[in-house]
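Here's a structure for you.
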Amino acid sequence: MDQDHLRALFEQVRAGEVDIDAAVIRMRHMPFEDLGFAKIDHHRALRHGMPEVILAKGKTPDQVAAIAGRLLENAPNVLITRVSEECARLVTTELKGGEYFPLSGVLRFWRDRTIRGKGTVAVVSAGTSDIPVAEEAQLTAEVMGNTVDTIYDVGVAGIHRLIHNRERLMEARVVVVCAGMEGALPSVVGGLVSCPVIAVPTSVGYGASFNGLAALLGMLNSCASNVTVVNIDNGFGAGYVSSLINQL
Amino acid sequence: MDQDHLRALFEQVRAGEVDIDAAVIRMRHMPFEDLGFAKIDHHRALRHGMPEVILAKGKTPDQVAAIAGRLLENAPNVLITRVSEECARLVTTELKGGEYFPLSGVLRFWRDRTIRGKGTVAVVSAGTSDIPVAEEAQLTAEVMGNTVDTIYDVGVAGIHRLIHNRERLMEARVVVVCAGMEGALPSVVGGLVSCPVIAVPTSVGYGASFNGLAALLGMLNSCASNVTVVNIDNGFGAGYVSSLINQL
Amino acid sequence: MDQDHLRALFEQVRAGEVDIDAAVIRMRHMPFEDLGFAKIDHHRALRHGMPEVILAKGKTPDQVAAIAGRLLENAPNVLITRVSEECARLVTTELKGGEYFPLSGVLRFWRDRTIRGKGTVAVVSAGTSDIPVAEEAQLTAEVMGNTVDTIYDVGVAGIHRLIHNRERLMEARVVVVCAGMEGALPSVVGGLVSCPVIAVPTSVGYGASFNGLAALLGMLNSCASNVTVVNIDNGFGAGYVSSLINQL
Amino acid sequence: MDQDHLRALFEQVRAGEVDIDAAVIRMRHMPFEDLGFAKIDHHRALRHGMPEVILAKGKTPDQVAAIAGRLLENAPNVLITRVSEECARLVTTELKGGEYFPLSGVLRFWRDRTIRGKGTVAVVSAGTSDIPVAEEAQLTAEVMGNTVDTIYDVGVAGIHRLIHNRERLMEARVVVVCAGMEGALPSVVGGLVSCPVIAVPTSVGYGASFNGLAALLGMLNSCASNVTVVNIDNGFGAGYVSSLINQL
Amino acid sequence: MDQDHLRALFEQVRAGEVDIDAAVIRMRHMPFEDLGFAKIDHHRALRHGMPEVILAKGKTPDQVAAIAGRLLENAPNVLITRVSEECARLVTTELKGGEYFPLSGVLRFWRDRTIRGKGTVAVVSAGTSDIPVAEEAQLTAEVMGNTVDTIYDVGVAGIHRLIHNRERLMEARVVVVCAGMEGALPSVVGGLVSCPVIAVPTSVGYGASFNGLAALLGMLNSCASNVTVVNIDNGFGAGYVSSLINQL
Amino acid sequence: MDQDHLRALFEQVRAGEVDIDAAVIRMRHMPFEDLGFAKIDHHRALRHGMPEVILAKGKTPDQVAAIAGRLLENAPNVLITRVSEECARLVTTELKGGEYFPLSGVLRFWRDRTIRGKGTVAVVSAGTSDIPVAEEAQLTAEVMGNTVDTIYDVGVAGIHRLIHNRERLMEARVVVVCAGMEGALPSVVGGLVSCPVIAVPTSVGYGASFNGLAALLGMLNSCASNVTVVNIDNGFGAGYVSSLINQL
Amino acid sequence: MDQDHLRALFEQVRAGEVDIDAAVIRMRHMPFEDLGFAKIDHHRALRHGMPEVILAKGKTPDQVAAIAGRLLENAPNVLITRVSEECARLVTTELKGGEYFPLSGVLRFWRDRTIRGKGTVAVVSAGTSDIPVAEEAQLTAEVMGNTVDTIYDVGVAGIHRLIHNRERLMEARVVVVCAGMEGALPSVVGGLVSCPVIAVPTSVGYGASFNGLAALLGMLNSCASNVTVVNIDNGFGAGYVSSLINQL
Amino acid sequence: MDQDHLRALFEQVRAGEVDIDAAVIRMRHMPFEDLGFAKIDHHRALRHGMPEVILAKGKTPDQVAAIAGRLLENAPNVLITRVSEECARLVTTELKGGEYFPLSGVLRFWRDRTIRGKGTVAVVSAGTSDIPVAEEAQLTAEVMGNTVDTIYDVGVAGIHRLIHNRERLMEARVVVVCAGMEGALPSVVGGLVSCPVIAVPTSVGYGASFNGLAALLGMLNSCASNVTVVNIDNGFGAGYVSSLINQL
């Protein structure tokens, strides 16, 4: 309810077209509706220019299907993350048009494929084990209307591989970098490009990687000033922000 | 040395204008120069469209002055962070035109004040104790050519203060949010705006804040998808990235 | 054994009605009884005005059933928490009148439904994934004789949802707030109400949530002064204390 | 701005007594005022029935004095915590009527001494080193209008000392327990009383106390169900919540 | 090889009864024998007056059986800890005389039941969930020749239960205390008795117990000076040391 | 108040020698006295056969002197730990007979030098930097009536030094081992002797020693079964327990 | 592409033998090839004189087989680590000549068995549970062309076992030491030998071993100066570096 | 005492040249001498082919001078690390020939300057703030007889600087890499060279660097297989091991 609507409401009140009780009720009416276990906000898509998103983890397949079904009535595109194979089977059976990516566990309804991004989003991964997280970023950026260029397996211990791809990196408007273990890749990429770099620590590694903590700390301490960081394994968040930046 | 220069060099070699030893040497010639204790890269400013930056912490005042002096020969703007009062005194005595901000410990040489940003960068702080970090972000974004709108003391425990400033927030092209203690502000701001939000955890707090760890973890786990995070107290990094985004 | 009983005992000794050995023994007789593997304290219900509680985790279904059976002989209401489905099946088969809530894993014998609370306990959850913990709080507060008002899915990234419920919150005598991830909700709720807020961090999240540590630290550092905290996922404890406060 | 005021405003608009622009502006007018570096909310006292509070740490003595001066114009009682001796000297020189407690670093303006609490708040400390934190709780609860009973140096390794004070504990309406090292006291107190217990871990200890972390974790894992926890050394928060509970 | 043997060897060399090569070989001959994957030291029993012990975790059932069989040829008593049910079945089938305790996972061959301890070892547990660890301590102390008095379910939140058992505690020559969650029991017991107390943190708890870390830190910070600590869930170690002390 | 006293009291009540009010009062009379800021328990010495102990850290020199003065009226020996030089000067000026050890910060009043231990307590340190902690253990064990044998600078990287002292170690009835850095010494000593070993991690080290955490964890995980652990730098606790064991 | 090749290329360009476009392309041609999901660098073997290595964890059996097949076309020896039994079955079925070691999970293709090391690599383990990690180190060092001497089960609590093997240790040119729990063995070995020692913390242990953290910290704080450390359970890395050193 | 000496001793015993008591004593005579507070091992230099080393931290200047003086009687070279300026002044006054390096706090007596290393040790630092640690490594390697090539300020965010120095790196026989913040440099260097790389995390950084923890974890998780790690800021250890490797 923006200022114009408010002004219009006041005018209707003054004109006697709307009585006071109704005015109070209308001001109370917030733009969401109650589904019982989850308040769905149909205006979010409007606000962020973006598909509806469901985090499947911690929800039953039935809950996921119910929420997705409701959202698909209003939104052309719906992205569901952290989807188990069993959950994917149920949802894609009940709701047509979904595509499941088992590597990243993403289930995507991509009905409006308009390109809204002004440039390319590069998604880079250090090792093959980081690809699931990178894929989540890629699928997110795509469904939000961006052209994505993926550059995989360019870890820092073989620096020539990365440098070989330097031109592709420099053509991107924003770069997402996914890396586990020591998480050094965003710093090197950050030094090669002049655009914003979104670093995604992955839980790839063992022992003193402490499930991604080592990579996370490394990225937060990056000596490259154009690097910001999202949560461990949060490919979705990185794809989301990369899209916001690419559409500015 | 991009591809065109390489092609040109080859042509000069073929034409006999450049002999082979000279060609090899030119290919070796990297764009930095050696100052003994620090390799200064004059091309960095070019690459990132951005002033030279010195982190004073861990360097002696003399080292800071020497590096700053050298940089000022080529760059119009130089930003020095984490500067003690003693160091500031020395540097501003030796090098004219610097302005020192004791709250944030920033020393700024701002000779080229062209506005390069396409919109406004909003810098938000939760409490008065977070202002030093917020100021570092503000001064950084400004020296990089951005209009900055600062909104201070709008912590989440008095949510109406924040909502009161909602329109200013929504007018920003990118928002920097500095908060210590529980670090909850970026999530709330992230829900109010649709642009990228850069969260800066501060070391404000005591006890279980563990010098900013609580705020850092909170921000990394933000339920708002448009939030990315930089290191604790890294106002500079947040200002830097906000500028990159605002100039896209 | 309070002071009056002691005085009475002395009088009986002086009067020769009780001999000295018996007096010593009676003073030794403590108000609990030994079941072999667990000392059950029937007086606890008396002391705290509250049903008997069993933590099922770490006990075999048979142990749970044995303790519950013994308690139900004296207490009208028994609450069993962290009950697996298998354990619930055994206990509800052996002991009639129990109701099992699979989401929260609570098994409740609620035979005396007197309302003892003076006002309403509000139980708030940030996301749908936090509902199991919130439900544990709700069921606990109810079985202790309180009217509970549940407000679910009002996380801080959609602050208008919370504000929409502000009046319900302000009507509560004490508020329980369950949130995972960044755990920011108690601070915002704490700023909206003037009654005590009991914050329950949940283990909802991934990566740097470190199984609820991020939410826990956030809540401990809350900038709202009316917030106290219980253990991660401890919906029971929050419900318990909310009842104590509501019955003051 | 509650519902009645809103209704009244609409009526004035309908009656033509307030024109639309003025109505919009009045709805915007939030109940706080801007001091430059800190937004002071005069309504907070109203909302929480409680004195204004300033955290001096992280503010200059001048800032503290300025905020305190402004607050004292409207509020009878002002509590300033974490005040250095130097800061206390400046503030008590500029503003008359303040009393400084060097042990806890509290500076208190206590002009309205009405008792609002319905019972007694007991403040308990495990060792003599925990007294500074306990005193902060005591002074807070007092300035908020409560009768406080302090019971100091009753650590668990001499359990008879605590039991000796059992009756005083049982007479309290709410108990604050401050303990460092292993932080075991709240569990024992919690088992002795049936009212809410607010546990305050202190940073007293060395080595594996990790500045209060051991006590904090111990209290969060208390096997007594009536215990909630605040931040390490947060005597203020414990006193604050104890007052809210005691005045219910 | 003690000094007397060495002296004897020298005498034999001087007397020509042993030639030099044989002497060198004999000095090299260390009192252990090689089984391929594990060097078994038959003298250890001698050195510590104690049964042979095998940690089954990390070994295959076949390895456990092989080592146990070899040890039983020389030692009357063998204690195997952390034994799965499957492993227990194999070992007790192959080797007669073993008794398996599924709660603690101990498998015990107790053929020599001489009492060597001078007094009683008390083994105390806070809750029923701590009994597995307490049982490991009890079984260890018994097999090493001690009379053990077990006192279970006397957690600090019901302090009268513990005080009820004070005399049994005071009769012990050494006390083992097992507790999870906040780990407060050793401090209280330590204050009640004047003998050494060995504290065993258990991994019982959830959330901020961090698998026993809270209890461990609490015990290390005990304000009772007669408390020492062993590893989380290390009932064996506590039983072992209690036996050493009891046999002094 | 043991059982005999209780019985006697009852007899006096029956005989009419003590009236009931007086009996109640006598049962209430606990064996400690209130000094205002610290409850001193004169019976503790009795209970543990041991001098009074004051932890000076966190107390003002005046508080230390006051408590010490009061204790010295009843106890022959008083041990004060963590004493600064300034505090030592004040206390030794006010109270005669104290000896200050600046290395360990111990101030000792040792007036009753009876030997009560049955054997020798060996105190071992890994490096010269660990000596302050070892000295605290030594002084504690001595003042409690034990003969102490100190073996310093026998770290594991020069294993022959330790083995050289093996016989002295084997003659001890209990061994205290102080080590920082990797904290490996207790394991090696534990393997050499068959008596109890009390391990004291010290905060000696840098970087990943994390102020003694590395040594602490190492000792808790010792593969020698006769090792128990006390807090980082807690030489006092180790000396205390070693005395309890040596006097069994 | 070293300097000689570059010079030659320039000469060919000058001579007109290579035209400019071809020269640019040749300079671009980097020595790796793209397999889609993983860039394989055939020159790595050349660069490090070493077999190709695949980390199977995080890859599907099919991916492992595909990469291994490709590598075996060029490299005589291939080492695959962290291989599950199921994965091993698939790979050894598809590719002949592989040997699987279930203890360490290593799958080895060892076709070129030339000895390249100048001395012996000793691989030492503290307990039998550490053997899997030690075996990974051993198999790695062997496949890289080294003679390996394994010394197992020589933990520090039985120091004579280690000293018994001192001569074998002193004959090694480099020593790998694998230990879990307190991780003390590398310090003792480091003091016995004068060559480099590579310490491998293992995740063997429980409770406060925190999955190898205790051993890791211990080794990083080793008081023996010839010790360096690799990641927890990283037998491969230790074997790899030991080979590099042994072939210098 | 090696086998030959032992054999000789036996022969002397058989020949009657040495009587048995003397033989026993000689076997006991260990190669170290007792200075009271520190056992100095003159054979260590022999064993490791290396100068004597003193860690000054935690020792008084007088202790340092005493130990250094004693060592200089036997060893040509003595290295003292972590020396404060005050300590350096005292030692260099008492003992002639020492050179103090204030940046790294090293005090070096370098009287025998023979080169014993077979190649060059490269010492690399990421930033200028890492130079103190790098210098400690350099001075250590030099005093042990190595030629050192220092390459400073080649952090990964300016990867061309590092590549520019690739040939110098490839000429080294072993490389020491010092880096703080994200600690990414060793991985990149490890990928460029084929010799062993010793990584030294430094405490350079702030916030989430946690005093070097981020760099330490990063290096332990390096994806380059030729990297081993020493403690945070342990330049000495890295220099020491690099020398051992270079002299193999």
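Descriptive notes on the structure:
Letters A, B, C, D, E, F, G and H mark the chains as written, and numbering starts fresh at 1 in each.
Convention: contacts are C-beta pairs under 8 Å (C-beta built on N, C-alpha and C of every residue); 3 or more make two chains touch, one makes a residue touch a chain.
In this text the structure is predicted, and so the values were computed from the model without any measurement.
Common neighbours of subunit A and subunit D under the contact rule above are B, C.
The two sequence copies subunit E and subunit F touch through a face in which the numbers common to both exceed half of the numbers used overall. Over half of the residue-numbered contact pairs at A-G are shared with one candidate from A-C, F-G or A-D, namely A-C. Ranking every chain by how far its Cα centroid lies from the centroid of subunit A, the top place goes to F. If you average the Cα atoms of subunit C and of subunit D, the two centres end up 25 Å apart. A separation of 54 Å divides the Cα centre of subunit D from that of subunit H. Spacing of subunit E relative to subunit H, judged by their CA centroids, is 41 angstrom. One inter-chain figure worth recording: subunit D and subunit E are separated by 49 Å, centre to centre, where each centre is the mean of the chain's CA atoms. Residue positions of subunit A touching 2 or more other chains: 158, 207-209, 213, 216, 220-221, 231-232. Applying the touch criterion to all chain pairs gives A-B, A-C, A-D, A-G, A-H, B-C, B-D, B-G, B-H, C-D, C-E, C-F, D-E, D-F, E-F, E-G, E-H, F-G, F-H, G-H. Considering their complex, residues 28, 30-32, 37-39, 41, 44, 55, 57-59, 63, 201, 203, 211-213, 216, 231-234 of subunit D touch subunit B.
Interface of subunit C with subunit D (complex): residues 47-49, 53, 118, 173-174, 194-196, 198, 216, 220-221, 225-232, 236-238, 240-241, 244-245, 248.
Contacts from subunit F toward subunit C in the complex involve residues 3, 6-7, 10-11, 13-14, 16, 20, 23-24, 27.
Within the complex formed with subunit C, the residues of subunit E that make contact are 128-129, 131, 152-154, 158, 160-161, 164, 204, 206-209. The part of subunit D that touches subunit E in the complex is made up of residues 126-127, 155-159, 163, 180-184, 187-188, 190-192, 205, 207-210, 213-215, 217-225.
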